[in-house]
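Sharing a structure below in structure tokens format, with a few things to ask.
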Amino acid sequence: MSKIKSLDELRQMKARLESEMDIREKSNNPEKLVQIRVAMATCGIAAGARAVMNSIIDRVEREKLPVIVTQGGCMGYCYAEPTIEVRRPGEDPVVFGHVDKDKAMEIIDKYVLHGELVDGVLPVNYQTIQEKI
Amino acid sequence: MDKIKLTIDNREVEVENGTTIFQAARQMGIDIPALCYMKLDNLGVENRPGGCRICVVEVEGRRNLAPSCSTVCTPGMVVHTHTMRVINARRTVLELILSDHPKDCLVCPKNGRCELQDLAARLGIREIHSVENAAVSTYKKDTSPSLKRDMDKCVMCRRCETMCNDVQSVGALSAVNRGFMAVVAPAFEQRLVDSNCTFCGQCVAVCPTGALTEVDNTGKIIQALMDPTKKVIVQTAPAVRAALGEEFGMEPGTLVTGKMVAALRRLGFDEVFDTDFAADLTIMEEGSELLDRLGRYLQGDKSVKLPILTSCCPAWVNFFEHNYPDMLDVPSSAKSPQQMFGAIAKSYFAEKIGVDRKDLVVVSVMPCLAKKYECQRDEFKVDGNPDVDYSISTRELASLIKSANIDFLSLPDEDFDAPLGESTGAAVIFGATGGVIEAAVRTAYELYTGKKLDRIDFNELRGLEGIRHATIDFNGLSVNIGIAHTLGNARKLLDGIRAGMYNFHAIEIMACPGGCIGGAGQPFHHGDSSVIKARMDAIYREDAGKALRKSHENPYIIKLYEEFLGKPLSEKAHHLLHTHYFDKHD
Amino acid sequence: MDKIELNKCQKDKIAEICAEFHNSPGELINVLHKTQGHFGYLPEEVQREIARCLHIPVAKVYGVVTFYSFFTMQPKGRHSISVCMGTACYVRGAEGVLEEIKKELKIDVGGVTPDGKFSLECLRCVGACGLAPVMLVDEKVYGRLEPKQIKGILAQYE
Amino acid sequence: MANYKMSLLCCGGTGCRASESVRIVERLREEIAAAGMDNDVQVVVTGCFGFCEQGPIVKVIPDNTFYTNVKPEDAEEIVKEHVVKGRKVTRLLYEDPDTQKHISDSKHMGFYQKQLRIALRNCGFINPENIDEYIARDGYEALAKVLQGTPQEAIETVKKSGLRGRGGGGFPTGLKWEIASKSPGKEKYVVCNADEGDPGAFMDRSILESDPNSVIEAMAICGYCIGASKGLVYIRAEYPLAVKRLQIAMKQARDYGLLGDDILGSGFNFDIEIRYGAGAFVCGEETALIHSMEGKRGEPTVKPPFPAVSGYLGKPTNVNNVETFANIPVIFLKGPEWFASIGTEKSKGTKVFALAGKINNVGLIEVPMGTTLREVIYDIGGGIKGGKEFKAVQTGGPSGGCLTKKHLDTPIDYDNLTAAGSMMGSGGMIVMDEDDCMVSVAKFYLQFTVDESCGKCAPCRIGNKRLEEILDKITKGKGTMEDLDYLKNLSKVIKDTALCGLGQTSPNPVLSTIDNFYDEYVAHIVDKRCPAHKCRALRVYAIDPDRCKGCTACARACPAGAIKGEVKQAHVIDTEKCIRCGACLEKCKFNAVTVQ
């Protein structure tokens, strides 16, 4: 990894990374990828997030699904752990709560593959700093 | 230094910048009560944990009360030391402290000399709000040859911890546990004898309560004195006479040598001797050893270890046995005056009066608590019989006198008995830091140069600075002398030598601040270091008033060598007056 | 506490840990963490060895060990049970859970069962407040506990 | 599989469920089926919207229509009008309380502005183990900008933002930095306090686990401002995941030249080390923390001197907590004016709270300063669990106090909380309901303080123990009214005299519960009764003779032999013998055992 030497270099890098992520998230090409982020902070892990993540990864690898699975931090929904966030290309992310292995499979079957929502959606109840003007 | 103005109790006062509220109040005659705070001016000792919260005062504009001991005055500050809020807080906090303190004042060794007791009286505490079955913190009790620990009485002032760590650098004690069970203790709350404690007793010297006290030998001494089959003799260390009077309400620094001798005689001691005699003897041996090592060193003998270190102080001996096991052959092998006295008493003197050593009880009165431990060391016993049977502190002597119906103040002045009661001024100054080395210089100079000293007072060796050095001209030979008092300063000095910072020929080390006059067996100074200074002045006064002021001029010492020992460092002298040290490194 | 003798290998290990932290007294807490991680607890001899390596009084080491609740001079059981006593767990009934464990194992907090199987401790918030009340058996977190579940959970451990 | 054109999201949170949300879902599905649209429209049950006072909620997507106070009988109209004809049901739309206008798109609802995530901005959005994702969200740009200006300019920016320390006391951060920067000394330190000890607060852990780079970046900015080249993170050893993620982030930052020598080619050097806490709450106090980092007992010392003048190893040291640092980069990215526009007059920005206890949506929330407790508890937290009645919320952990119904509409900020007898603390918010005994709650906190007192000063070491003992006495029905007076006086003296922040605030739970729940104390003392039935020693068990079937189960279970009665006849409890263990209550299948 090479060192970043200035603000300009940092900005160039940011632009590149942002567009890479953008492509990953919003592309409309046939190989479009769905991004699944599993909340993997202590409370999530304590509630079983690791097993959920493993089962999703297994399924994705086994069936070669167009899905990227990553881990994320705490989203604050402690009451509903484990939680996962699914981001379908071009759509707003959707968070599901109380996800166990079975629920994860149902989410993949219905929402990830077909955009069909399943029970257990956690409504977003905050605004981000980007939204706040 | 800049001055600042502030108002305390509606009076304006100007103080130096950096002054605490506590000090500023003192300057204007307001005596704020305190418990944990202790400052020994001139000795660089300060204990200021801000833990007891007794010295709190109200500072206008501040949300909560301020500990005056550790709050620095600021310009325009308005302080109240005696408001309802302060009074209530102080009393409530003191009640809390008392609620976790045994109420056995009447039988406490500190009864009448306890700072907590004084404080309770001063604040007029008449009852303690208590919860039924309120918890009290209790701990294992511990008795060592010198010190007793009853930490149920600990108020966590941390003075002992400061002395043991910051001043003495011994580190035997530390705050342990936390919260309600927090206390100051050795590692694993083990016994002090199993720790690296040197028995310097400075923890006892500063303890405000009965948590840390000395082992009381007065009962055993009364028994020995009442036993018709025993001949009981006593020796008194030089520092005792400069402090004993304080226990009878006399001004610090009053010399009470004559009254002390009279009192001891009335107590029933068969002979009242002086440790000073043995101090002169120590100088003969130690001074000769110095000259011997110096001479061989100057001749290029590489096996000679210099500097030579004094070995009179038993806490210091313990200290280097624990911490500097690689340097065991550096200190002088001469025994301490207490032990030299015991060895001579139970050989030369016992023979002289035809008493078996087992029937001769040697008692020492010492300003020191480590001496209690020292006289129990195995190498100072013959067939299990110690050279010195019991050592008592200045304080214990005072209590013996009081319990024996003696009105100390009206006693006449009396003289020590011969032959072991005669001494020179050189021996007297053993009681103050720098005194031993000054005494050694007086003798070594004359022995080395063969000339008579034209001045006897070596002021360059005196004082209260922690580490001092001076170079003395021995008729062309420069002898470099180092002096340290407190073990912390000793450690600095020794580490400096190891690091090659110093080039000393001789070093005097005393464990207690100020030397033996600040010993742990002396009347409690209660944080007032002017007491120690006054004792020091008294010591030098006594020296100045003596006809003989060099150890080698003591006629009884000369006679002792002629009759018994031969000459300094002779085989017999080695056998009786010298010792060896042990590796106690953990 | 039983006194234990350290063998050379154990002493070397302590020396190695101390050396890793440059034998610096300022690193005492890091040294204690690592040493406890290795030995499971910090018996007297281990503390003495650390004091030797760091050139500090053993009383200081002991003072630090007894100050911090994380350090222990007691060996733990094969399985260590920690009940969260954070506020969230408390208001959701952690006390009842703790009582049940005490009753079941017949030990107090800080104790070890006579067979050395379980040791019981309380800890502050593990941050799984959403699952309150919570306990840990070794690394595993049990959440939303009720006292009646305790027997069954403990029975799973050998 | 159908490709739905429309989804009806129906809240399945506890609050809404109590108001028949299950019926609503059924009815909606029936109506959609009746309309023959089940292949185009789906009904989905969701987690709590957090807007429970207006529940049950039904949200329609994609148009984001937000229906409130929906009843099962409204299902027909929603489907027939909105789903089939595309006409919104106006009467069910949310009405803005200020403008009285119906708002159809939830994105314009004030409700969604209740939470604003600044410190938590990246939490959950990025992979905390990949610095690229942080950089893609403007990471390290603040540091780069700061390095182009002078330290003084940067300090001015922080001062202008009005940011105050988020760890407890609320000292202005910019001022703290300024003092440290002006302290003479070549060697200085930046310390991040991550020894989150407040039981029930875990935002610092979450931030470090979810967005470690934000803290690293802020510490570097602080280092530049005060002239320090070394940072230390003092973190609880019980947070292994946070430690791991912090270490990964530090390594990645070093690889990119964002930590270490010559950061971003500016010539500024800064690196970070990790120090571990070892389980001592008092180490949250900055002087205690510093002593702990020096390898000593974590005992606080009298301030002044403040760490900014003499801190770690006697050098000027700036200590801030994790959440404080996490705010820093945003202040530089969005500008101090932007930050200062959020919050109240004296408390700017947002505060993260760990919402826990008897509340539906336990979790981490971040709200602008000035948000009311009511908004936090009912709008965000989803109200009280099990539909019980709100009794109190404990804020500020063991240093804080209990706030009650009368405080529900108080805007939350540093000064208001202090005025109400509590404090901001680190942001724990424990909600209590009617089943919680406030004397026991005060005792719980005092037990905690007694356990965690360092023992250095007498008021905290002994005084808190005595407070705990008196509270224990009261919960056992043995208290007197004199005890209550002494409790108050002792609490005030401890506050007034204790050495550090821990001791000075430790009586807050006692004082605030006495202030707000005086009657409950009196009930324990005078009536020997615990209104919440929580205090075991004060419980009176009885058997309702009408319900008792005489099955003898209780009598057999009673360890004290206190229950007498013939088979098939009503049993009686001898209250003298009863040890109040509750075994009978557990065993009775007929709900015949009552507790008073």
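Which chain is which? They are A, B, C and D, in the order written, and residues in each are numbered from 1.
Criterion: a contact is a pair of C-beta atoms (placed from the backbone, for glycine too) under 8 Å apart; a residue touches a chain by one contact, two chains touch by 3 or more.
The chain lineup, named per UniProt: C = NADH-quinone oxidoreductase subunit NuoE.
Small disclaimer: the values here were computed from a predicted structure and weren't measured.
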| item | value |
| --- | --- |
| Pair exhibiting more inter-chain C-beta contacts, A-C or A-D | A-D |
| By mean Cα position, the chain sitting nearest the middle | C |
| Averaged-CA centre spacing for the pair subunit C and subunit A, given as whole angstrom | 37 |
| Subunit A and subunit D, separation of their C-alpha mean positions in angstrom | 25 |
| Averaged-CA centre spacing for the pair subunit D and subunit B, given as whole angstrom | 57 |
| Between subunit C and subunit D, centroid-to-centroid distance (C-alpha), Å | 27 |
| Shared interface positions of subunit C, touching two or more other chains | 60, 63, 67, 126-127, 129-130 |
| Per-residue overlap in subunit D, given as positions that touch at least 2 other chains | 202, 205-206, 239, 280, 297, 299, 356, 362-363, 451, 454 |
| Subunit B: positions in contact with at least two other chains | 175, 177-178 |
| Contact set on subunit B toward subunit C in their complex | 165, 170-178, 185-188, 195-196, 586 |
| Subunit C to subunit B touching residues, read off their complex | 44, 47-48, 51-52, 56-63, 66-67 |
| In the complex with subunit D, residue positions of subunit C that touch it | 24-30, 32-33, 60, 63-64, 67-71, 85-88, 90-92, 123-127, 129-130, 132 |
| Subunit C-facing residues of subunit D, complex | 196-202, 205-206, 237-239, 275-281, 292-299, 313, 354, 356-358, 362-363, 394, 397, 428, 430, 432, 436, 441, 444-445, 448, 451, 454 |
| For the subunit A and subunit D complex, residues of the former touching the latter | 1, 3-7, 9-11, 13-14, 17-18, 20-21, 37, 39, 41-43, 45, 70-80, 85, 97-98, 110, 113-129, 132 |
